[in-house]
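When the chains are written out, they are named A, B and C in that same order, and each has its own residue count from 1.
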Amino acid sequence: MFAESLNDVRRICPLVHCITNYVTVNDCANVLLACGASPVMADDEREAEDIVSIASSLVINIGTLNSRTIPSMFKAGRRANELSLPVILDPVGAGASELRTRTAMELMGEIDFSVIRGNISEIAAIAGGESKTRGVDASDPGLLDGDLSADIITLILKLREKTGAVITVTGPKDIVAGEKCLYTIKNGHPMMSKVSGTGCMLSAITGAFCAAASDMAVAAASAAGMFGVAGELAFERLTLEGGGTSAYRSYIIDEVSNMTPEKMREAVKIEIR
Amino acid sequence: MFAESLNDVRRICPLVHCITNYVTVNDCANVLLACGASPVMADDEREAEDIVSIASSLVINIGTLNSRTIPSMFKAGRRANELSLPVILDPVGAGASELRTRTAMELMGEIDFSVIRGNISEIAAIAGGESKTRGVDASDPGLLDGDLSADIITLILKLREKTGAVITVTGPKDIVAGEKCLYTIKNGHPMMSKVSGTGCMLSAITGAFCAAASDMAVAAASAAGMFGVAGELAFERLTLEGGGTSAYRSYIIDEVSNMTPEKMREAVKIEIR
Amino acid sequence: MFAESLNDVRRICPLVHCITNYVTVNDCANVLLACGASPVMADDEREAEDIVSIASSLVINIGTLNSRTIPSMFKAGRRANELSLPVILDPVGAGASELRTRTAMELMGEIDFSVIRGNISEIAAIAGGESKTRGVDASDPGLLDGDLSADIITLILKLREKTGAVITVTGPKDIVAGEKCLYTIKNGHPMMSKVSGTGCMLSAITGAFCAAASDMAVAAASAAGMFGVAGELAFERLTLEGGGTSAYRSYIIDEVSNMTPEKMREAVKIEIR
């Protein structure tokens, strides 16, 4: 089920419209190409609707949100909803500034998202729980170590209820909470947190998988599983060939481009509960 | 003739002013350094004219055009024309939104371009022909497979007449249409289309080659030939060393930095017709 | 003393707020993670103060300054001063446009910087001396070859007096001019100038080191020494493994991520005079 999703992406070759941050935008474009999709980055208010109209899905990432791009996020999101396209939200750094938290909340109020993906701090911030976001790549370590507590699960389910979106929470284990079931994904490698943009890349990939799927929870879990497996294979290669965090980042994208359903079937560890 | 162009770039070390998109801007800066030029990226309206005044050429790339940068493109372009500097246009995604097509048309109306480089969809869109642009890296496959039809050649020549610019159309084969002759470049590798920004990089390199040349068509063809050869050598290295699309992207820039006129002479396949 | 600074960064894991250019921002984010810090890039006026309030230091880089981000630089800088956080200025391209020179001067007028880092052209431009800046990565070769003249040293000391900031001038040799002593750092490799963003990366790293230190001159010298050693080790690896400028750039970040105080102790060449 999960491995087949990759074939669907490669067959359909969806065009994924990203309104995203300028920090990791190049990695997002390249990882979309690597997984078989096509990227289009466009954030001017005057073209946001045109571009989304030719796209297969929309990914809104607030990593470097600003006065010029925020209105484009709303316009593109509303148009994507009219066209029934999947829309993904990556609330980067929600909780770190009033602007980020408020913008994420307003986006959720006006736009129907298919998937919302963040780390636990960001998800907590927009679910109305406590948040101690410390920038965009950092998280409250207490929330991330080991298993997620019952409180956290409650928070995730609350956000799912409020938004109707599938919620992907990434960390040592990833959680994908859909309407009917909750997936736990035990793939990936801790070193992924030492590479800028792994979260953004997964959100972009989720946009590609959702565009090629009918079940958004399966699509989100497949994307997270595939990317986690890529992180594992990349770490194996790093161990063999040496290098540091920059080599590792390049290997992750390489492994996405060389991913096959067979590799996924062998390595994906997704539990349904 | 073509191989000597590279020496001219390295001797003159032109400063290339790029008003370009934030997706591939880093690759453009690095590939300019790799081929022996110096990059300067500056897009504020208040400094566009100052920067172009110290530059050797200007590259305008509309990949993430917006309300703030469009006026800078016009200001820099007009100033470059006053100074008789080569100006290159990369109409990224023309045909994909009304804003992109219109901005490209208006730029062509006000500014004299030395070279316009795009894929066939983009070139068709701004030549006033039919276009089915599907985002920024995708094209109508019918237009790209095999040889370009007589209709397409007519369209390219029409755009050349209208603008007075050399037209570079990249695809499985590249076409460079100058005033006096038409070059066909049979270099490159299909995998280059799986790396974000290869088109943008070629436009930037074209800016460097034009700054160091007197014949814009020869400069444009040399740039396309050189970059195609880099793509081929990078693919050979990928075959030997393994890796995926991210390794390939890095190898392409590596091969540009290690390019020599000798390597070009051996591998460049440019036909004049 | 210098090698211990790296341990401090890794122990404290400072959050470094960067208002920086979109050309090299991804490398800045990744090199901050590589050296043990956390990056947060945020440039909207409405969140600049919020973000700086949770950060450990602020790095202002004017590489692609514009009408939207300049006010954010002032707001974030003033707030950082109120909070007594280290603030680093990278006056990219000062001297290349009136906007850049003036903005850098105004920033120095309103904000107390801990460290100002630039190449000699940029430093000369903002010190009120002669400048012949030719873009953002190029410099007057006369100023860079061999030892810095007495005139240049006078200029650096003048800027230090005027601003109260530690001045880092990078080139074949780096100079760090603190209140009490002047360090000469003989690390690095000439090929670093063929990679876009090595200056920006050092400014970001300087932000990390300052956040973890009490003596800003020692922090700035340690950062320059560490990054120079990374450039040397990266060149050794390039010599062994082959490749070009893109491989070299990746190796530099790799070597930062694999840097240890031991490696620094062995290779750092810092003279106090």
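What we mean here is this: a contact is a pair of C-beta atoms (placed from the backbone, for glycine too) under 8 Å apart; a residue touches a chain by one contact, two chains touch by 3 or more.
Worth saying up front: this structure is predicted, and the values here are computed from it rather than measured.
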| item | value |
| --- | --- |
| Arrangement of touching chains [line / ring / star / complete / other] | complete |
| Chain C against chain B, contact positions shared by both copies (same if over half, else different) | different |
| Separation of chain B from chain C, taking each centre as the mean of its C-alpha atoms, in whole Å | 32 |
| Touching two or more other chains - residues of chain B | 22, 26, 68, 249-250 |
| Of chain B, residues touching chain A in the complex | 21-24, 26-27, 63-68, 93, 96-100, 134-138, 194-197, 243-247, 249-250 |
| Touch list for chain A against partner chain B, complex | 13, 15, 22, 25-26, 29-30, 33-34, 38-47, 50-51, 54-55, 68, 249-258 |
